[in-house]
Amino acid sequence: MPSSAILLIHCPDRRGIVAGISGLLYAHGANILHADEDQDNDLGLFFMRIEWDLEGFALDDTAFRREFQPLAASFDMRWKLAYSAVRPAVAIFVSRAQHCLLDLLYRHEIGELACDTPLIAGNHVDAQALAGSYGIPFHHIPVDAGNTAEAEARQIELLERHAVDLIVLARYMQVLSPEFVARYPQRIVNVHHSFLPAFSGARPYHAAYQRGVKLIGATSHFVTEALDDGPIIEQDVVRISHRDQVHDLVQKGRDLERVVLSRAVRWYLEHRILHYAGKTVVFD
Amino acid sequence: MPSSAILLIHCPDRRGIVAGISGLLYAHGANILHADEDQDNDLGLFFMRIEWDLEGFALDDTAFRREFQPLAASFDMRWKLAYSAVRPAVAIFVSRAQHCLLDLLYRHEIGELACDTPLIAGNHVDAQALAGSYGIPFHHIPVDAGNTAEAEARQIELLERHAVDLIVLARYMQVLSPEFVARYPQRIVNVHHSFLPAFSGARPYHAAYQRGVKLIGATSHFVTEALDDGPIIEQDVVRISHRDQVHDLVQKGRDLERVVLSRAVRWYLEHRILHYAGKTVVFD
Amino acid sequence: MPSSAILLIHCPDRRGIVAGISGLLYAHGANILHADEDQDNDLGLFFMRIEWDLEGFALDDTAFRREFQPLAASFDMRWKLAYSAVRPAVAIFVSRAQHCLLDLLYRHEIGELACDTPLIAGNHVDAQALAGSYGIPFHHIPVDAGNTAEAEARQIELLERHAVDLIVLARYMQVLSPEFVARYPQRIVNVHHSFLPAFSGARPYHAAYQRGVKLIGATSHFVTEALDDGPIIEQDVVRISHRDQVHDLVQKGRDLERVVLSRAVRWYLEHRILHYAGKTVVFD
Amino acid sequence: MPSSAILLIHCPDRRGIVAGISGLLYAHGANILHADEDQDNDLGLFFMRIEWDLEGFALDDTAFRREFQPLAASFDMRWKLAYSAVRPAVAIFVSRAQHCLLDLLYRHEIGELACDTPLIAGNHVDAQALAGSYGIPFHHIPVDAGNTAEAEARQIELLERHAVDLIVLARYMQVLSPEFVARYPQRIVNVHHSFLPAFSGARPYHAAYQRGVKLIGATSHFVTEALDDGPIIEQDVVRISHRDQVHDLVQKGRDLERVVLSRAVRWYLEHRILHYAGKTVVFD
């Protein structure tokens, strides 16, 4: 895989955006690997993800930002620049269930997830052994009604110390405070065990069973202040039948949850997710 | 296909149900073609669908009912007996969109749906030509805020005259009155263009687009008094992306709607659907 | 929908392709609606589909071709230019089964397929009534072992007379001669009722049943000289169980076939399919 | 979960089978939990899986077999009796890739797979650490062209010593000898990384990429003498696009392989798989 740069952009739709960017890149020797441009017609927005090979590209990060800034300003762009060689730091929060955590750790180990994993934090100790077997420091931070602020202070201290870019809630069954969430906008990814917006909140498999749906789902999303209401990144479903009791839904759901969450994490790490208007564009 | 009888049963779970039924059938020469027995552990309920070949079976309908009644009473069964050779009468209600109607008519024509179709009723005239091309009487019954009772009276008159068993709402965009619904319990099937319980009510594709879901769905269900809240019969979904605008969702959704509705109708006609506790068992 | 131009390109991968094209477009006032660029790393190929609004674009077809030609030549491009306002002419070939034909005709009627449909040709008369109900001329051209050349001559005469762009084999159960196929390269689309390359050739549902597969599929593909071996455009599958006999596979398969074929036709008409090295790129 | 007995039966279809079995069970106090009866019309075969609660059932294993034998003989049944409380012994064979092994071990740990796992055998040492972290003895048995017989002798010695019921090939990249296979009929489950019968043999992802299919698959099956030709137990597929290179297929395929293999193992352990005529019935 070549070392590459990725630019994510959205801005009001106007003539000349692609020409401006590709012209700038070409002038400095970029070889474009992938590019994808689309629109939201209703909102008059333009989206772009462009990735180019750094081999032979003349500009370093500082120089590129200096050159690109006037163009970005002229089109009123919101943009994010990233490099495939820079591995984001990911923290994983977990409670008792470990299927999502294990899935992430194994994918990380075999190279599917290009990140560092400096820390795992659990409000229970159950995942400590698993974290240890993958050589990742585990921090036991119990949370109860009385100590939320203190627990979050400890979490934040860890996140800051390790310069964490992304927080993954791998079936972390605690609600984060608005202050915590506000501190990490579009940087906390959760998996909810239903096909949102159906069955938000607690015990979604029980609710799905009661309602008699014929498919169950899982949803990965950015965490915002409103519970289970953040921008959706990925969803998937699996068929159930009348033979499936609640514990069968839980079992089938585990397979969905880990796949849906790991895709979201991978896409985040590959800089494929663009966030706007309460939803996401995922460039594939 | 042999001419067969189908028995659908549910009752409190107890020893001896299968032995009782299969013993009775065997004593009169039945050859069982398919049988499926399951339970709802939470509610302590037993479900059964059993189908047997009528070739060589000694009991006619009256005799079977007389023989079976004591057994059914002793197990406190709710049961329904049907015959594959008896074609139910199906009425289709439609508004402007015709994709579901066309799908049903074509499936009927080629033998996928073993029913008679004595009437199509539309609150608009759009479907008249299509009904005509398949040789089915079309009744234009306009509905507006002021004439609901009168329109339903006309509909009921038609349904009674043709001894209709099942009413299929093939994207019929009107809400039926509680009185109408109560008259046909578990005999009205609707298709809603979302993955219920998400996006019930009006304009579900717009709502799905706004929320930014990654899959859209369709749901066929029995109609009950509460809007979009009846027992679900079938659901399916299709993946969408940021490239799909609302009209793309509408287009992709049409393919879901017709498949999900036609499956529900076919299963109804094959006596595969058992209704209890606000949900369905679909014997496959 | 705006009136737009679409350019499909593939060429050896080199620096400056995107900049060259987008610069040219911008210089003449194009507003890019969608663009997608990718690579085949193994073969060192670059692919692009770019669509721009013709509103405000300064070049007509002749002028654009004149301007673009030198650029295309310098990058050794293979390219195709199309306009959303130009409706391709599509001929449909059919035998007895009509589910794919009906599906195409209905989609055409409601605007999903932006084409003209000057003719339907059948080697049986079964589809004549259906063609008539949609107002499309039907030509009965019987085919048997002795008259293939003559039948194809009649077909070619019709295709030429109506300047047909695309021939859709909607479950047309005849093998076309190599000469016929060579005359319409990448312009004949077929649907095969299996998940190719499994079960190519005759009676794929029977073969699938014998083998005991757990999913059945359908495949739409360009027709080439080698039977069922042309570039695949789309595939889909559906789950089957031991309860499904061959006629159930046939029934479930019909739903796959029509969806898989109609997607291929729509993508062709939207100029989303690029063909190279025996396979396709489908820009979504 | 109650302690239950499961009976799997197939025999020529005749009247009285269900009545005979359910009558016998009822006479001894069985409460039927699930039952499913079906037919293969072409072959005139009857299939049944019946599961009953052992609570209150009067017959122990010996007594039941004695009572049931005459009935079975009179219907020419092939049958298998199992108990949910008896945990089969499963051996896992592995090479270098560990995603399937890890998946099985985790599912076993959390109770999804009701078996004992006395041994893991690898022709490479890569999986030794993983086996150790789950506390399962690992045996390194190198295999090369010259020592196949010797290696299989060591494997067989281990399998016999641990009274292994099922051998799971969790991406074990060696071909077993006909003698080995014949020793364990319908007791070796493999996962092949394609949608069989397409792309049997070596390097299926490369072959799929070359052919340009739009979905890739994985297949779990019983191992027979003919390579990749045994009765299929489960299959699943995932969509790919032109953006996916071979390594992307490998990555997406891993998620399929583990799910498809673990379902086969679970169904085997739950006595849901019936084998006949080169294919399987999976009772769900």
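As written, the chain order gives the labels A, B, C and D, with residue 1 at the start of each chain.
The working rule: a contact is a pair of C-beta atoms (placed from the backbone, for glycine too) under 8 Å apart; a residue touches a chain by one contact, two chains touch by 3 or more.
This is a predicted model, so every value here is computed, not measured.
Novice: Sort the other chains by how far their Cα centres are from that of subunit C and give me the top one.
Specialist: With centres defined by C-alpha atoms, farthest from subunit C sits D.
Novice: Would you mind telling me which chain pair, B-C or B-D, is linked by more contacting C-beta pairs?
Specialist: Between B-D and B-C, contacts are more numerous in B-D.
Novice: Just how far, in Å, is the C-alpha centre of subunit D from the one of subunit C?
Specialist: Chain centres of subunit C and subunit D, defined by C-alpha means, are spaced 41 Å apart.
Novice: Take the average of all CA coordinates in subunit B, do the same for subunit D, and state the distance between these two points in whole angstrom.
Specialist: Inter-chain centre distance comes to 37 Å.
Novice: On subunit B, where are the residues touching two or more other chains?
Specialist: 34, 38, 241, 243, 284 - these are the residues of subunit B that touch more than one other chain.
Novice: Looking at the complex, which residues from subunit C come into contact with subunit A?
Specialist: My answer: residues 13-20, 22-23, 25-27, 29-39, 56.
Novice: Given the complex with subunit C, which residues does subunit D contribute to the contact?
Specialist: Touch residues, subunit D against subunit C: 38, 40-42, 47, 195-199, 211-215, 217, 231-237, 241-243, 245-246, 278-282, 284.
Novice: What does subunit C use to touch subunit B in their complex?
Specialist: 34, 99, 102, 106, 110, 112, 133, 241, 243, 251, 255, 259, 284
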